[in-house]
Amino acid sequence: MPRLSSALRSAALAASLIASSSLVPAAEAAEAATRSAKQYIPIATYRVGAYASSGTPVWGGTIDYLRYINEVEGGINGVKLVWEECETEWAVEKGVECYERLKGGREGSPAPLFLPHGDPISKALTEKSVADKIPLLTTGYGRTEAIDGRVFPYSFTVLFSFWSEASSAVNYIAEQVGGKDKLKGLKIATVYHDSPYGKETQVPLDLLAKTYGFENIQIAVPHPGNDQSAQWARIRQIKPDWVFLRGWGVMTPVAIKTAAKTGFPVDHIIGGIWSGSEEDVRPAGSVGKGYLAITPFPAGAEFGILKKIKAAIVDQGKSDLKDLKSFGSVYYNSGVIETIIAVEAIRTAQARFGHRPLNGEETQWGLEHLVLDEARLKELGADGLVQPLRLSAKDHEGGGAGKVLQWDGAKWTIVSNGWVKSDRELLLPVIYERAAAYAREKGITPRSEDTAEAGAK
Amino acid sequence: MSFFLETLAGGLLAGVMYALVAIGFVLIYKASGVFNFAQGAMVLCAALTFVTLTERDVPFWLAGLITLAIMVTLAVAVERIVLRPLVNRSQITLFMATLGLSYVIEGGSQFVMGASVHELDLGLSDLPVAIGPIQLSSFDLVAALTAGALVLALWLFFERTRIGVSLRAVADDPQAALSIGIRLPVLWATVWAVAGFVALVAGLLWGARQGVQFSLTFVVLKALPVLIIGGFTSITGAIVGGLIVGAADALAEIYLGPLLGGSVSTWFAYALAVAFLLVRPAGLFGERAIERV
Amino acid sequence: MPPALAAALAPGRRLALPALPLRGTGLALLLAVAFVAIPLTANDYWYNAILIPFLIMALAGLGLNLTMGYAGQASLGTGAFMAVGAYATYNLLLRLPELPLPVSLAGGGLIAGAVGLVVGLPSLRIKGFYLVAPTLAAQFLIEWVFNQVGWFSNDASSSAISAPRLVFLGHDLSSPAGRYALTLTSVTVVTVLAWRLVHSQTGRNWRAVRDGETAAAVIGVPVARTKLSAFFVGAAVSGVAGALWAFAYLGTVDARSFDLDRSFQAMFIIIIGGLSSLSGSFIGAAFIVLTPILLTHLSNAFLGGSLDGGQISNLQRILFGALIIGFLIKEPNGLVALLGRLRRPVR
């Protein structure tokens, strides 16, 4: 018997090993609540690992905006912000550990929301967040069906879901060829990262192809995508009119380079949200010139709020960025945009629940009642940077439009005429259908919009 | 037909890039008998060091020399600190130790040099070149020539110098080699240093292709089937194995992929390697007989 | 039916816990802690971030330990077997909802075992380290199959699978405590079965084959059947671990959750914990799963503020790698041997 008994004994030993570094006990946290009036915001980050290069600028934007709110605006209605990072390396288990560690709040403030920063992490947290009543804010990633807040009350796929991404890309192509009726007969090849994220656009593109009559070609690139000679040889054979590139990490620069060397015109490739940053194009070198990308995170340092951040934070040496070259980049701006949404949701909720640190349930109400119209965006200095948003229990996306950027060899310029909208009226019924199917499979009773309202009281 | 040839040629050129990484494995396997998983981390470390230096306006050749010095130091340290204490341990233990080592090197490189992605411009254009009916990339051709030159140099080094002869002696029979006065520590250090050099070359070529970033470490995943097919102990085998894997991957992706839903190249090379292993366990050019029932 | 399974399930053998807790008071105490004290005191963090992943990875390691530690058949396919277990259990739960949860779990394990048996076929010709090649091929092929074939994930748009409601005998097991109870019970039951198996004729055959195939054949051990049974049982145990990973731990998973890194993790667990030692799997899992968490807590406590998050994480990675190398060098027989030495002077 010695082996089995020592097995279990060692388990206990391991447990006592980490007991020393356990959580703050709940009682202590509650007591601290009375002294502190700071709003805590937990942030999952990946500064290490395979995707660190794309993550680091995002946290720069996130943290710089939080600092800006504290230092220039004195917090949200006087409630200062404190935040905490947790390293996930983009791995699901680490993300779950972070979420569990941070969800309890700090220094008396509950966690108002969680920024998972990672598509697989956000999926793994879908149910846990409902049990804990902590909204997951995912901008430009996350489960598309979560747009239906009646089934996914605590998942917020705000701004631009993968389905909208695909639809807006098609609509941009339509603009270029002279109208949606001209899409008929076009060949649009989607080169995608062969992962759940990469496959997300297959269903909507299928639907759009049937609607508009273009030929929908799907070409998978296996992870990590550091050799794509075969895929682009196929493209050379098929000769598509446009390529929609949905990459991740190293796949994007390799795709651009391989496209160039097989002679495919780079200015007919439209990158998706995660193929459209400086970090994606720069490694491709000079051949990346002319490459397009559709994104909800327009690049540029000339937006009002960015100028303010530059003056108050960056120029004062208080920026989180180590490499200031990233200021105003796509990923930096994505951090700013995401944080604007988080802060405005808290502000909206404060209007109802009072100027104090809020919990997840209250912030969820704030998110579902978030209105960022043109006027409000102008006040924030975020017009042109953030698309107009109006969230509700039935619509956790709110916007569904992107801007098209073009790489000029050194920086992105916006080439689309404002925001390119997606065909939401076409896609939403299908999304609701899929959400309902999910609800059936999981035995969830969807909220009606009235119960959503009542639940928040 | 020309499409087939073009796919084949593209695959073969990609295979050369795999072979470049695989050569590093072969060298270390010959000397230390370990499948060095940290080779990927070494490729990353080399490329990252080089590009960090050139971005600080260190001249190209000097950056190369400094990087080489660092790689050699690293390689010798690894051999001393990690592998020597593990002599005579099972191969899987050695393998896992190099996996742990890759964490240390990756963490260390990024700790010192950051995690940003860097562009590496070797001044080679990467545009299509038409050769007869098929179209190839000029960069890939240069990479292939480099790999060819590297193999030739290594072959000369290991066939025509004392070190090379000693290495073969050690690979054949370590005890006998020791008894005739071959100094193993010197030999080990030399081979690891050469492996560091190979990592630098592979890092530069791969880095120029995809940017210098963490994902350089992923290149090792394709190296294992290359080695199984070519044999763990033969540099020629690494080249031939690389070519086979590159060509097979490309052809499978083109002709099998559409039937099966794509991405077959994630496993095709491994399946091919298993087939080779069942038929010819020592690999095409392997020297050491591999245990077999 | 493979001999190992037959041995475990043979009607003549009593499967009731055979005097297990009576022998060691320490063991009884541990079970009491795991089943009674922890549920009384643990919070969500302990369940979701520490206990559940630790127990599941210990089980995955245990599966590999049966194949590799006891029977000497190297495998880097643990992640793939876990994936098969997860997807098989998902489909059983989805398509045969009348089956009770434990039956679906066991069914998922058996299907994973069957796949393991097929993957083990090359072991009849290939030996030693080179066996990692076919298991690696399986690792990549199986990950690809689940990613590619929509049927396995009920045609979900992202080929990710999501746990249906976990219910057993009318109890909803979806809460952290419920998922812990499910995990702990499964791990305990499988560990007891494994313990019985390694002390049976099958276990002796495994060790005989590991220590020398020719000698084993001479004394009449059916070498081929023994190897395949080791693959079958090991993969089945890992398969149960995979199903728990998907449903008791994460809730939603896709094939990438069971990638090569998971296989490496299992391999680390048994090599650092101790080959051919059931307790070694638990110790190894404690080390591999918990050290990074411990390092995070320690560095937050001691370094927080002085270095940015990225640098702390890089340091942790360096330290973790160095610890692995250190233990491999210092403890050839795994941490279980170290613990054995620590315990002796006390007695």
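Structure notes:
Per-chain residue numbering starts at 1, and chain names A, B and C are given in the order in which the chains are listed.
In this text, a contact is a pair of C-beta atoms (placed from the backbone, for glycine too) under 8 Å apart; a residue touches a chain by one contact, two chains touch by 3 or more.
Every value quoted in this text rests on a predicted model; they were computed, and no experiment measured them.
Chain pair with the highest count of contacting C-beta pairs: A-C.
Ranked by how far their CA centres sit from the centre of chain B, the chains are topped by A. Work out the mean CA point of chain A and of chain C, and you get 34 Å between them.
Chain centres here are Cα means. That of chain A falls 36 Å from that of chain B.
Across the assembly, chain C contributes residues 144, 147, 310, 314, 317 that each touch 2 or more other chains.
In chain B, the residues that touch at least two other chains are 107, 110, 115, 261-263, 266. The set of chain A residues that touch two or more partner chains comprises 47-48, 52, 56, 194, 222-223. Partner chain B is touched in their complex by these residues of chain A: 47-54, 56, 194, 218-224, 226-227, 229-231, 233-234, 236-237, 249-250, 253-254, 257, 260-263, 279, 282-285, 287, 322-323.
Residue ranges of chain C in contact with chain A, taken from their complex: 20, 23-24, 26-27, 30-31, 33-34, 43-46, 48-51, 53-55, 58, 94, 144, 147, 154, 157-160, 162-165, 174-175, 191-192, 195, 249-254, 256-257, 277-283, 286-287, 290, 292-294, 296-298, 301, 308-310, 312-314, 317, 335-336, 339-340, 343. Listing the residues of chain B that touch chain C in their complex gives 35, 82, 85-86, 89, 91-93, 95-97, 99-108, 110-111, 115, 221, 224-225, 228, 260-264, 266-267, 270-271, 273-274, 277-278, 281, 290-293. By the touch rule above, chain B contacts chain A in their complex via residues 3, 6-7, 10-11, 13-14, 17, 107, 110, 114-121, 126-128, 135, 137, 139-140, 206, 209-215, 217-219, 222, 249-251, 253-254, 257, 261-263, 265-266.
Residues 74, 122, 124-130, 132-134, 136-137, 140-141, 143-144, 147-149, 213, 223, 260, 264, 267-268, 271, 310-311, 314-318, 320-325, 328-329, 332 of chain C touch chain B in their complex.
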